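Take a look at these structures.
In what follows, chain A forms one complex with chain B and a second complex with chain C.
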Partner chain A sequence: MEINIRNVSMTYPNGKVALKNLKLNLKAPSLIGLLGPNGAGKSTLMKLLVAALMPTGGSVLVDGQPLAKTDRILKEKLGYLPQDFGLFDELTVSQFLDYMAALKGLRDPKAAIRKTIEEVNLEEKAKAKIRTLSGGQRQRVGIAQALLGNPSFLIFDEPTVGLDPEERIHFRNLFSRTAQDRMVLLSTHIIEDVQSVCDQIVVINHGKILFTGTPEQLIKSAVGHVGVFWEKDAFQEQGLHITARVNTSQGIRCRAVASKLPAYAKEEEPSLEDAYLYLISKEGA
Partner chain B sequence: MIRIFQYECKRLLWNKFFFGILLILLFYGWQVLNGVTILGVSHTAPFSPWSFGDYLSRMIPLLWIGALFFLTFFTSQKAQRVTILTNATPVPIKQYTFARCAAAFAGTGLLCLACLIEAAVFYGQYFGWYRWGQLLFPALITFIPPLIFALGSGWLLGKYKSWLIYLWMLIPFLCMTLPLPNAFGIWNGSFFKEYPLSIETMDPSFTLPITVIIVQCILVILGIVLLVLDPRFLKKMAVK
Partner chain C sequence: MKRIRLFFPELKRLLKSRLTWLIVLLTVISPITGLILYKPATASTMLSMYLANPAIAGGVVGGVLFGVLTVYELDRSNRSRVNVLMDAVVSPLSMALIRLTALIASALITLALTILIWLSISWWRIGSVFSGVDYVLAYVLMMGLALPLSILAAAAFYQFTRRLDLSFVLFAAFAGLSLTVWAGNWQLCWLNPCVWALSDDFSNFRIFRSVTYMRLTWLVALSGIWSLSYLCIRRYGKDLFRSLIWNVRRICRPIIALLLVICSGIAYAAQPMVDHSNPDQTVMSFYEVPYAQDVVCTNRSAQVLPDTAAGTVSGKAAYQFQNTSGTEQTIAFGINPGYTVSSVQANGVNIPFTVSDYQEYNEAMLETSIPAEEQVELVIEYRGFPQEDYNMSALQGSAEISKTYVCLQNASLSPRLMNVLPDEGMYPTTIEITLPDSMMVIPFGSGKAEILAKNNDGTATWQYESNGTGGILYAGDYIRENIETDGMTIEFYYGRRHQDVMESAGAVDAVKSVVAYCTEHYGTLSFGSGDTLKLIQSRVSGGGYATDGASLLDEADFTASNLGDGSKGTVAGEVMIHELVHQWWGLGNMFDSSDDTNPWSAEGLTVYTTYRIVKELYGESYAQENYVKQWQQEVDDYYLNYYVRHPEALEMLPSDKQLEITGNLSYVRQYCEMPLKILKAQQLVGGEEAMDQILHDLFNRELDPAYPYLTYQEFLDACGLTEEDLNLD
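On to the complex of A and B.
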């Protein structure tokens, strides 16, 4: 599967420009992490990819065919978890998944539902009404409906929100396994999730792509721009973006990213989070 | 689509609202039957199609509210949040809409059936009268057109703005207060009271003037058209 985003722009009817001339090529199998601050255009991009919105400029091609004409074919291969979604509270977990299976046109829904419920660790709640579930369990139902029917293209918008650390690790591993033979697009604010599983990263801000490449390439781009220093030594903080401030017995130890590190800062190996923050701060400057 | 229809029926019918409106409907119906219908309408027998039609037209406002309440299960803001998931599936929108509206129609049909069964019990208990087949035509012509129109118009309005559906629930009450032309008399019950008197025969058989038939047919057609009309069309019109 291949998705080609060609000069896509999106302006909402209220005049808000969400995406500007976006160019991106996505190929399966891969697990792509989509990073960006709030309002960067990530959710708009995802809505365009599931044909919930039509771009005001440019086009999206799926396997060489325009999405506008083949949206039904794409939806047959699609599993989508939006950031904000609702569930039918009156139904049980397995009934809701059976409902979604009917909409997806699955031939053997029972086996698919059983498998998906196991994957998201909801066996004990399979017969529970959705209204009785916690926020994390509802999120897992959302993930389950996206995974239902083994779609070849999965889009997850903030999938690990509301999950505890153990569950997050479980789902990270699940996404990684899923992406072995498919394309998974993962939008998140949690850099750790991206670092652990994604083989490609797309950083987006103000509707523009700032970076595409591997996590290693992003980290490499920040070498020499991350440093640590004692707060008491810092006589000026202009141009510095402090990413951590730790209280120790010797004083406050700071970690910062900057285009040019000050002399009092000791250079450090960048993490993916440092590299991401450096990229965003560079664009802001 | 049968599975979707079954699940939607379960959502609509297995809840407090359905049983609540059913109880209110039966209670109100029993009051009408014992207070108005028992005396007969326009010098006709209590079990004449005219008296029966009068009873049915008095039930329309509650059935209208019931039909529109069923639609709120699909058009409320909470329901719209599920639409984000269902819209990402390959199901054709028209088929899905049809399955959901069929469930709302089935729910409304059950409420209508409850009204008819209640009348049947009343006629059997008080008058030993069991020729219900005679009442089938007045029941169909009274209930089906306004309820199809309720579902069609409510669906479109609810998709456009979810709160409009609650405002739309007041329409039959407005109709009851307005001096509607005879052709619309089924809506406020005036037809069943006034038309038999205009025929000038004792206990006239049940007939409908052509204008009433046309209005009822228009309501059915309009209801279906509104049901298949895309709410985006309405939004575009509003923008223009």
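On to the complex of A and C.
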């Protein structure tokens, strides 16, 4: 499966420009992490990819065919977890998944539902009404419905929100396994999740793509731009973005990114988060 | 195919919702409101009270509930944001169609449950005149079809506006229109069909056809409107107009929507049930057509062939004219506007004719010119579905043609001659009619119908003679009782389904008692023809009427419910007497419509006469106990009634409540206060014999043709009393 985003722009009816002339090529199998601050245009991009929105400029091609004409075919291959979604509260987890399986047209829904419920660790809640579930459990139901039927293209928008750390690790491993033979697009604020599983990263801000490549490439781009220093040694510096501030017995130790590190800062090996923040701060400057 | 596959999960999901089941439950029990609160069918037949009213009320309540459910369900997936999951899998257009069909399926399940649950209740309430076919048709047409109409309307409103509040307001306004402004228009009252009566004894296919036509017209119209709203379903984050532009790109969609809307418009305009008679009923232009000069009608005949399955009539009417004018003469006929005239022949030659677009009193005018020959035989061939008068469109059902009952009146039977005088004051007429052989033909008049031939196709051809330009014919599964009383033969015809009720009420004995008593005390009925009088129980018609040799008894007077009405008689047989006494007081002597402020009506004299007959039959103490004491008790209660003592409090109530209370109070005044006043008058004039003489004289008085009604003042004058003399203080 291949998705080609060609000069896509999206302006909402209220005049808000969400995406500007976006170009991107995605190929399966891959697990792509979509990073960007709030309001960067991530969700808009995802909505365009699931044909919930139609771009105001450019086009999206799925396997070479315009999405506008093939959205019915895309829907058959798609698993989608939006950031903000609802469930039918009066149904049990199994019933809801059964309903979604029917909408997806699965041939053997019972087996698929059983497998998916196991994957999202909801065996004990399979017969529970959705209205009785916690926020994290509802999120897992959302992930389950996306995974139902082994879709060849999966889009997860903030999938690990509301999950505890153990569950987060479970799910990112699940996404990683899933992406072995498919395309998974993962939008998240949690850099750690991306770093752990994504083989490709897209960073987006203000509706523009700032970076596409591997996590290693992103990290490499920040080498020499991450440093640590004691706060007491620091002056008012232009372009210095503090990313961590730790109270210690010797004083406050800061970690920062900058285009040019000040002399009092000691250079450090960048993490993915540092690299991401460096990229965003650079764009902001 | 995918949509069909998705239908069942959606229906299953819908039926998992507690709200759905609450709506289903409320709808299933909603027919009860037709027994208590909402009674649009005003006739007092058992089927009107215990079938039409519950079914219509069920349709209204159920329709509103399903409209609410539809808007709620459509909005819910948006509100709860489940739609973002579903839209990623299925197109919103497909989902809208699937949701609609699932909602309609849930409505059908509700209807099936309602029919099952109410079967035994209706059977029990309706009694021996219960009919399974009428029961199912009433619930399907009067209740069932209201539900999908509501769903379509509510879904359309939501798809247009995509707002819960606006959709509710629009749906409430649409339902409100049907219940108020459109309530009297049989084609527009989509939620509450115009059904004023269902017959117990005879068929109801005419009114069922009318309701079906209205429902189907709306079904097509609302399907069209829904299809238009379907094109407005928001897609790809676009607003209404951009979504519309996007959705109409598949051209078949707007074409289907527009075709449906146009078809409904055509169906509305071309409805076959009701004519276009002039709504101004003071205009009688057909009676002002100048008579043909020197032409008389010497004879007429008609061969009438009703198609009882299709409800249509085909016929051939022949008229013999003597034209001594030596010129062509224009002859005019009144013909039912639903009929098409296929040919008009004069002495075997086709001649031109016109049928007017203008219609009046359920007739269109057929005009043709007869040649300047002395003897002319004019033959008119016609066929079609008899339409009813536009001005009576809210009271349809009179032109019934079914396998069990036929009623053909005047221009619906054969073209009515308008402008030719009879030869020697007579229009000798021979009517032949072919009907299923289970039917008995009863001409409304002194004519006697006889079987001319029994045909191989299970029909029989009947023939009867009459005299006149029109005529009324009844046919049905009747029982005929010949009752000999005081030199008069009463032919009493009643529907076979009423046999048990009539027998248990002692109908034959009641007829004997009433005819003997009333004839002796008041005189013979003016419409009695010689020594024979037909008493014909007709399909529910809102009252009786009479002609020479025949009198019509409305079936509503003989329902088990009416025969159990204690204010008319203690037992069913006495109520039967009461209804038959109306032949003298009410029909033989007519009364103007009564008003709430005056107890005078046909009921007072009828109840009084019933009391006198009962007194003669069962003795004074029985009559005193069961009549006079009962009246006195009711009247005492009446004067103690809060609203009688404080009329200003009554005026403060809502108008419908006022109407209900004044109706109940006026009932007491007419059925109890007035008989007591007549009893008091009896005492004041010198006893029963004196009162009998007064009533005899009033009954046989010379009538003023302009106002032939018996008034209270005439009664008081005849007694030599004043209103104050009859005060019951």
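Throughout what follows, the second predicted complex is superposed on the first by the 285 of 285 C-alpha atoms of A that agree within 3 Å, B and C clash if a C-alpha of one lies under 4 Å from a C-alpha of the other, contacts with A are read in each partner's own complex, and residues count from 1 in each chain.
Criterion: a contact is a pair of C-beta atoms (placed from the backbone, for glycine too) under 8 Å apart; a residue touches a chain by one contact, two chains touch by 3 or more.
Small disclaimer: the values here were computed from a predicted structure and weren't measured.
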Practice task
Consider chain A as the common anchor and indicate whether chain B and chain C clash or fit when overlaid.
Solution key: clash
Practice task
Using the superposition on chain A described above, determine whether A:Val246 touches chain B (first), chain C (second), both, or neither.
Solution key: neither
Exercise for the section: Would you check which partner chain A:Arg72 touches, where first means chain B only, second means chain C only, and both and neither mean what they say? Expected result: both
Exercise for the section: Applying the touch criterion given at the start, work out whether A:Met54 contacts chain B, chain C, both or neither, answering first, second, both or neither. Expected result: second
Problem - chain B versus chain C as contact partner of A:Asp98, first or second or both or neither - result: both
Completion exercise
Re chain C stretches 225-233, 351-359, 567-575 or 657-665: the one overlapping chain B is 225-233
Practice task
Check chain A for residues that touch chain B in one structure and chain C in the other, and list them.
Solution key: 50, 52, 72, 75, 78, 80, 82, 84-88, 90-91, 95, 98-100, 102-105, 142, 145
Problem - In the complex, chain A residues that touch chain C - result: 12-13, 47, 50-54, 71-72, 75, 78, 80, 82, 84-91, 95, 98-100, 102-105, 142, 145
Handout entry: Contact footprint of chain A on chain B as seen in their complex
Key = 1, 3-4, 7, 10-11, 14-15, 78-82, 84-92, 96
Exercise for the section: Would you tell me which residues of chain A are touching chain B in their complex? Expected result: 50, 52, 72-73, 75-76, 78, 80, 82, 84-88, 90-91, 95, 98-100, 102-105, 142, 145
Problem - Interface residues, chain C side, partner chain A - complex - result: 2, 5-6, 8-10, 12-13, 16-18, 77, 79-82, 84-91, 235-239, 246
